[in-house]
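So, here come the structures, one by one.
The same chain A turns up in both complexes below, where it pairs with chain B and then with chain C.
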Partner chain A sequence: MSGLNALWQAILVLVGGGAIGFLYKGLDRKLAARLQGRIGPPLRQPVLDVVKLLLKENVVPRTAVPWLFQAAPFLAFVAAVTALLYLPVGPLSPVLHGYGDLVLVLYLLAIPALAMALGGLASGSPYAVVGAQREIVMMMSYEFPLAIAAVGIAWRLSTLGIGPSFSLATIAANPLWGSVGPLGWIGLSLLFAALLAVTPAELSKIPFDIPEAETEIAGGLLVEYSGVNLALFYLADVIKTLVIAGLVVALFIPYGIAAPLGIAGIGGKILDILFFLVKLFVVIFVAVTVIRVSFARLKVDQVARFYLLPTTLISLAGLLLLVLDKVVMGG
Partner chain B sequence: MREARLGPEEMAEKKREKTCSTCFEVPIGPVHPALKEGIRFTFWVEGEKIKKVDIRPGFMHRGIEFMGTKRNLVQLIYLAERICGICSVSHPLALVQAVEEAAGIEVPPRAQYIRVIIGELERIHSHLLWAGVAAHELGFDTLLHYVWKIREPVLDLLEDITGNRIDYAIPIYGGVRRDIPPEKYPKLKDALRYYRSLVEDLLNFFLRDPSIEARTRNIGILTREEADALCAVGPTARASGLRKDVRQDWPYFTYPDLQVRALTPEDMGLGVRGDVYDRIMVRLLEVSQSIQIIERCLEEMPDGEITSVPKVAALLAQLKKAEGEGIGRHEAPRGEVFHYIRLEADKEAPVVWKVKAPTYSNLMSWFPMFKDQEIADIPIVAASIDPCICCMDRVHIVRGEREEVVWKEELLRLSWEKTKRVASRVTRHAPWGRKG
Partner chain C sequence: MKQAELLERLKLSGFKRALWVYHLNTGGCNGCDIEVLAALTPRYDVERFGIKLVGSPRHADVLLVTGAVTRPMYERVKRIYAQTPDPKVVIAVGGCASTSGVFYDSYNILGPVDNVIPVDVYVPGCPPRPEAIIDGVVKAVVKLERLLEGKGG
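== the complex of A and B ==
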């Protein structure tokens, strides 16, 4: 792959990803509103929000640490965008294929949250400090089940002799569901459930929106941010939503429909990309939109307990079942 | 007594004394998304745990009592109606009772029933409004939108009966200003049937939802003893197991016939814990209690006059001759509303008018409730007494640029001074004794 080619692909993925991200954000808001019995904003509202934010003054509070406060939004945005480049889009390999794997994506996904916590701590607002503490506690709770789910799949792939097993392209190209036995099926389902449970927390959405908690700490981490900086955090959130959903799809539902339908060539690729986008939407709708209209906001200790006990246990059980499956199948 | 009044430096010093060394100060208010009106909380927290709390009211003080003494008594009703937008009939209902007692005006039975009906309809819409706010404070916006949607029919009904969604302008001395004609009964009954069918849903949504239960069970506990000692009123007191309700304890209007009983969580067959969950429960139970009361009123309401003095000019003339004092109490949705009035002959305006809104009595129950709770609990605990800051604020001290806080001794002295000032306006038969 030539450098120029990669550049073009990257631009295409970023522009396309941005557009899809905005569309899904708009759909999320519209559908959440319909589920709540409201009319909801027009689909283009997220774009309007960002445009307006970009036109607004960028205030840096007097009590803030200016460079850290200003750097955090860029860090979050760049990390989210980079993670997008590691994502297999349907039948296509990731743009940065070969330059990093699943573990890197997991780290990249953690950076926006860390950047928000840093920015919050640097802003000097007591609300943001409380938000930052909550963000860190929440991250420490959900990262473990997330890592177990990712590692479990990669490990099972490696036992099947498929490699490089941590590469997202390999994982997406070799769905595990077909190659494991019944125990593995249950194990994979448990890991899938754990990953879906982690999704809303990764994205700080109700019931896990405690770092922002509007009625409690008035926006928490974001309380002092305005203008371009806030727009960057917003964009990072839009892209990160896509990345997480893309990760769920790549790990657990990487199937295409072109091959079963017998459509080959460029038409089949386009069909698979569209199908990939539909899968992304379904994941976002189920794990974000529906969840966030169905619950009240939990407290930080309840969130930590939820991830450290049931979710971790479920993912560990999933991993254990995959191991047992390997023993039974003799893979 | 200069030292009793503190400036910013002394205040900071005093605050430091009260806090623990490892605590972090979190100010909430006077403007904050968790608060619907201006009041300032200062929390000293350790991690997420609240160690100390201080409350600073006064931002919403409007001097309504003073304005009231510049108006004639009929105009006073309109002012009383605007003390609170949500309990907008509760204040006039207490006021008319006070004036009727002072002036010795009789009220025909039908008017009594209409007053009760409007008062109970108001309770339904106020409790539903509160339930929506509580859901929002918990981050459960779906429930907020649902509850506020089902609140609309009762507002429409009130508009149909009285002409206004809020501020109904219904009570007048000696009766009510508008009848509920029998052709409107079916509409009322329809609305009641609608709400009766929803009560079970509401109880389900609020009390059997795991995430709401996780956020409200054993949160913001006010024990029965504390509620009693701090003179909590209304649902706040009842949720702590105190069977305290003006409609039960000092029945007025037609409440003696209706045999209203104060509801506590025990009526749901559950033990009393005095937490936020119980306060949600009591309010939802009261919605269904209000439906029953209105239904009985519609059945029993006799025909007849709706006011004993139909002509306003005659009423004003009669009130101008009146001499004496009266108190009026009404069980508003948030608790007891208390009005005191003193009338003198040949004076159109009341000489003294004193209003006590329910939040004034409930304010102190915040202190035991907030103790050892977490930051995340602040919005729902603050909302759980259904605070109405505007109605409650009594005083705001501003001297130039300097913000001051008046402590207890100084406040007591200022209150005595004010009583003397008020007493000097009272020319005859003043119980405080100043003559001529």
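== the complex of A and C ==
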């Protein structure tokens, strides 16, 4: 792939990703309102929010560490956007295919949360410090099941002789469901459940929004942020929602509909991309919107326990079943 | 010129339809606060106008102040006003915030909110109905438009 070609693709993915991200954020808010029996904001509400934030004064508090406070939103935004470039879009390979794999995406997904924690600590507000501590506690709890789910799939692929097994394009091109036995099916389902359980925490959404907790610690990590910096965190959240949903889709439901329907060529590609967007939407709707309106915020210790015990055990059981499946099926 | 016009309209619609409200009680009886929260319920649903209650004055465009200002709150009200990024609007919700209400000339208060910080919109009532509060927030947009055009208050 030539450099210029990659650049064009990157711009296309970023502009398209931004538009889709805003649309899904608007849909998320609208559907959450409908589920609560409200009318809800218009679909373009997230765009209006960002426009307004860009017009506001950008305050850097006197107690803050200015460079770190200002750098954190950029770091979060850039990491989220970079992760978007590593995602396979339906039938298409990731733009930066070959320059990084699943492990890199997992790290890129961790950076916005870390940047928020850094920014919170640098803002000099006690609320933000409490929020940062909670963010770190939550990350330490959910990263393990997340890593197990990702590694379990990559390992099973490698035992089937498909490689490079950590490449997201390879994983998306070879759905595991068809190549494992019944034990593997159960194992994959458990890993799928664990990954879906991690999704809302990765995005700091209710019931796992303890780092932000508006009614409790006044916005937590974001308490001192305003104007452009807050808008950048908002954008990072919009993009990150797409990335984590895209990761779930690539790992567990990478199927297209063009091939079964027998549509080839460019039409099939477009159909598959549209189907990919539908899958993204379903993942966001199930793992973020419905859970967000169904539960109240958990306490810090409840969140940590939820991820350290049941979710970790479920993902470990899933991994174990995948190993047993390999033994039974003989690799 | 057309581009500048479009930008202007986008700016205005951003403020018109995306007001974030910080709710501040300076010594009220909690009656107005309950009505403010009632505006969030499915019956009134302020989110359909893009109005959102935020937890930090740094995120706010609108300060919704309830209650007459008590002495301990004096410094805090001024500080929260200063912490809100420009352009901003202050709305005094309820009789006490607007005129001190039944606490008029009382020894332990510093008077209505406009004795301490400049107020842009008054919403009378004890307590005002949620419709009146929503109306007050929407009226605040007019003030913000003027601020955005750089013509001051």
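Following the convention adopted for this analysis, the second predicted complex is superposed on the first by the 331 of 331 C-alpha atoms of A that agree within 3 Å, B and C clash if a C-alpha of one lies under 4 Å from a C-alpha of the other, contacts with A are read in each partner's own complex, and residues count from 1 in each chain.
In the analysis below, a contact is a pair of C-beta atoms (placed from the backbone, for glycine too) under 8 Å apart; a residue touches a chain by one contact, two chains touch by 3 or more.
Computed from a predicted structure; not experimentally measured.
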Could you say whether A:Arg297 touches chain B, chain C, both of them, or neither, answering first, second, both or neither? first
Which holds for A:Arg34: it touches chain B only (first), chain C only (second), both, or neither? neither
Once chain A of both complexes is superposed, is A:Ile206 in touch with chain B (first), chain C (second), both, or neither? first
If we overlay the two complexes on their shared chain A, which of chain B and chain C does A:Glu214 touch? Say first, second, both or neither. both
Could you say whether A:Pro126 touches chain B, chain C, both of them, or neither, answering first, second, both or neither? first
Overlapping contact positions on chain A, where the chain C interface meets the chain B interface: 36-38, 127, 213-215, 217-218
Which residues of chain A touch chain C in their complex? 29, 33, 36-42, 45, 48-49, 51-52, 54-59, 127, 213-215, 217-219, 222-227, 230
Which part of chain B faces chain A closely enough to touch in the complex? 24-27, 32-34, 45, 47-48, 135-143, 145-146, 149, 209, 211-212, 214-215, 374-379
Considering the complex alone, what residue numbers of chain C touch chain A? 10-11, 13-15, 17-18, 20, 42, 45, 47-50, 53-56, 58-59, 61, 83, 85-87, 148
The residues of chain A that touch chain B in their complex are 35-38, 126-127, 129-130, 133, 206-207, 209-210, 213-218, 293-302
